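Letters A, B and C mark the chains in the order given here, with residues in each chain numbered from 1 onward.
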Amino acid sequence: MVMVDVRNVRKVYRRDTQEVPVLDGLSIAIDEGDFVGLMGPSGSGKTTLLNLIGGIDRPTSGELTVAGQALGPLGGRALAKWRSRTIGYIFQLYNLIPVLTAEQNVELPLMLVRMSGKERRDRARHALGIVGLADRVKHFPRQLSGGQEQRVAIARAIVSDPRVLLADEPTGDLDRKSGDEILELLARLNREHQKTIVMVTHDSHAAERAHRVVHLDKGVLSA
Amino acid sequence: MAIPLTYNVRNVLQRPVSTLTTAIGIGLTVAILIGALALAAGFRASLVSTGSPNNAMVLRKGADSEISSGISRAAAEILRSHPSVALGADGRPLASAEVVLVANKPRLGQTGSSNLTVRGVDPTAIPVRGKVSIIEGAMFTPGTDEVIVGRRVAARFANCAIGDRIRLQQRDFKVVGHFASGGSAFESEIWGDAAVLGPALDREGFQTVVYRMKDPSRFEAIKRELEADPRLQVQVQREQAFYAEQSRAFTGLITGIGAFITGIMAVGAVFGAMNTMFATVGTRRREIATLLVLGYSPWSIMTSFVIESVFLAMIGGAIGCLLALPINGITTSTTNFQSFSEMAFAFSVTPAVLLAGFLFSVVLGLVGGFLPALRAARQPISASLRAA
Amino acid sequence: MNLLALVFVNLGRNKIRTALTLMSVMVALFLFCALRGVLDTLQESIKAGAETRLVVRNAVSLVQPLPQSYKPRLEAIPGVARVAKSNWFGGQDPNDAKGFFAQFAGDDDYIPIYNDDVEIVEASAAPGPVALPRGADPRLAAYYAEQTACIVGRELMTRKGWKLGQTITISGTIYPGDWPMTIRAVYRAKQKNFGEQTLLFHYTYLEQKGMGGSGLVGIYILQLADPQRAGDIAKTVDAMFLNSSFATLTESSQAFQAGFVSMYGNVPFLIGLLGIAVVFAILLVAANTMVMAMRERVSEFGVLKTLGFEDGTIFTMVLVEAAIITLGGGIVGALAAKYMLAGVNLGFLPPLTIYWSTIATGIVIALVIGAVSGLVPAWQASRLVIVDALRRVD
């Protein structure tokens, strides 16, 4: 089954009067359970593609179908709701809320669904257990290392059990060892929990973990 | 080494919305302070200008206002012929024995009534007072039931136009003139001949005697002499001092209320300024760290931020002055509880009042900027440089 | 954790800012309620007068007296149940010349007229049998037995530290000299707008010592048998004396009080204006704070939205955050005004009254300030485009 289906997508940014095409008629299909690495030079449109798949940005033209849902017809609210159930997002700079504990950060996505406080907490702890931070639930982000922060971010991404994980240079700000741990964790989520993963990276070492690597250049796929 | 002022000025102007909201908050506080001070200054100026330092004002011993005073005809005669009284060109003493009473009259063009002072005067009252001049119509003719009306009464009370008849007790008096006296309290009075008004209003004797002193520098001696005279039983004040004293209670009240309100608002405004400055310091951590690395001392960083806060507050001060300026000259009225009658006076936004308001804004800036500036100066360099 | 908890966590993010803003709103609402209190007290002082009592004064002005000989003629008017003489004294405590309080001299009929408004709470024992005026509280026997006796309001007693039975001296400004008086009774106001800061003493004392047999009195107070006929009776009184040398002006005691309030001229208007300025100034402070607070969190809003938070949820969160700050400040400020200022002596007026409705208005205003100040940042936060928000690094 195709999990992510991108068809003939164009994305053009306007800068003053100039139009800058970022994605230029791009099509790609990603199967369920796949782990795809997206590579390419800066400005090639990797992050834009990821944002389009995650439904946090909209294409200028073209169609996207993710997890069986065509994104085009969805309005803002519906898209937000869909996102919270279907997509887990992992950022380069973790983007944890500094005033919340690890556990509270992980709980955030669960606050959007009806659920008892206890169940929310249990699920958050379970997610933190999966990423190996069961002993760090009450820590604030500033008390954690970069690698640990990123693992909290991953726990937050998986806590609502989404089918697709989108990672934007998840190891970009980490040392080699922590980076490897994160990549191993993603591989495990892909392997054991059947998450479909799309990972943007410019690090070929990181890309080796993916089942397949797609190269982007100037908004089009380059073999 | 000092950080150039332009750095602060540019920073303040770079966030116009935040600057403006903070400055307007300070500005309103300053405007209210100026308003209260202008009100007090106007009231005071009006009463102080009422009296002349060259005139002696004689009241019954123990009386704290004209209406609670009483001078018998005999005492008034003794005073009139006293050697300390200056003589007019016609050789008559410049002394006015006056009947003062309060009349309740309907307001002009609105419902309700208010008290005003009716003063029966000697025809010499105008030369004695000096500043009083007829601006419309004519002076009352002594011995008749003609009266003249202060221009502020004419503007606020019914039946006070020239030619109108105004009823006092059982008699109608004819308004023949309007007079001005440089914004003083007399403009809120009605004047007629004491010889007519007294009997018409069942007054025996007078309330006060006011006279021009031949030699005002001898006032203290005159005062001692008259107050010691057992036939008189009076107290003597310089006319100006009497009116200044009258203004004290109200001026004190307004200043007190003004200080209370301004004080409380100032707390709010300072909090606002502190918030803004803390935010400024917060968003400029890297800049501050860079300046520290470049060799600026924490002291100069602190000074710089305090200056920025003061600059911000001064914009507020200027706004406050501009907001308050239009009230200058606006006439308002209140009851002077000393004379129990309504007195009109104008807000007086004097340069001193404006300066006080502006300096107040500077103080607000200093107070509001201090803690944020301290935080800026004390922040550790390394952490700030790393902060994104 | 739930959304509200998240809002509270956000409030704790910058404690100094939250506290400063909260306190700004607090002082503003304190001031607002205080000013409203003054205005309400002014209005309230009108209500201290009853529609059912008439006040007869000299037509020229309140300061002009009336002849005492009017009393029997007033009593003879049908519908008039009782007539009392009353005179403003205008004295002061020689030890505390600035501490204003009102003194009235009244004749024997004076106190019984106010039977519905005041109640004697403390009184000296009478020296022997005393003939009391009709309707007078028997506890006032000692007062009626002694010409230099006086009755003092409970609050005035406390303020001055006077004791029942104490002889105090009042120095007259209108009626010169020292006036020794002995406190023989203490009253309490049954209606709060009546005030408890007044001293009452015998008219005969004033007349004999201070007026030298002039036969004059300040005002008459008329108690009516049939309050419905107040208007007619007032007209009758004024017609009766129209052509005498002491024409009268008769009005309900409520209108009489209203006359006092109107003496304040523009002051109430200015107070109202101040209230608006205060609220507006604080609105600016609060709005500025909220904008600053949100600007710092732009990228976090981006994250929340990525996680699936809807625009409306973000909007509500920001608005609730603003409302909590202003509501907190508002409640504290308004209640502080109520508990710290209520009962403050305002000279001629009844003690400062701050109604619960004023507190409620204050709290509503605080909420409105919160809503308005949060509106712009809430809108901005909810309209953030995720991609831009995430890119922005502050």
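The rule is short, and it goes like this: a contact is a pair of C-beta atoms (placed from the backbone, for glycine too) under 8 Å apart; a residue touches a chain by one contact, two chains touch by 3 or more.
Fair warning: this is a prediction, and the values are worked out from it, not measured in the lab.
Setting subunit C aside with everything else in place, what contact-connected groups do the chains form?
A | B
Most remote chain relative to subunit A, going by C-alpha centroids?
B
Where the centres are mean C-alpha positions, what is the separation of subunit B from subunit C, in Å?
It comes to 26 Å between the two C-alpha centres.
In angstrom, rounded to a whole number, how far apart do the mean CA points of subunit A and subunit C lie?
Those two chain centres are 65 Å apart.
Approximately how many whole Å separate the CA-defined centres of subunit A and subunit B?
Their C-alpha centroids are separated by 71 Å.
What residues of subunit B sit close enough to touch subunit C in their complex?
Touching subunit C: residues 17-18, 21-22, 24-25, 28-29, 31-32, 39, 60-65, 67-68, 101-104, 112-115, 168-170, 201-202, 261, 264-265, 267-269, 271-272, 274-276, 278-279, 282-283, 332-335, 337, 340, 342, 388 of subunit B.
Inside the complex, what are the residues of subunit C that reach subunit B?
Those residues of subunit C that touch subunit B are 14, 16-17, 20-21, 23-25, 27-28, 30-31, 35, 59-64, 90, 172-174, 176-177, 243-247, 249, 259, 262-267, 270, 274, 277-278, 280-282, 284-285, 287-289, 291-292, 296, 348, 393-394.
Where on subunit A is subunit C touching in the complex?
51, 54, 56-57, 76-77, 80-85, 87, 89, 91, 95, 97, 99-100, 104, 107-109, 111-112, 117, 120, 156
Write out the stretch or stretches of subunit C touching subunit A in their complex.
Against subunit A, the touching part of subunit C is residues 1-3, 6, 9-10, 12-13, 299-300, 302-313, 386-387, 390.
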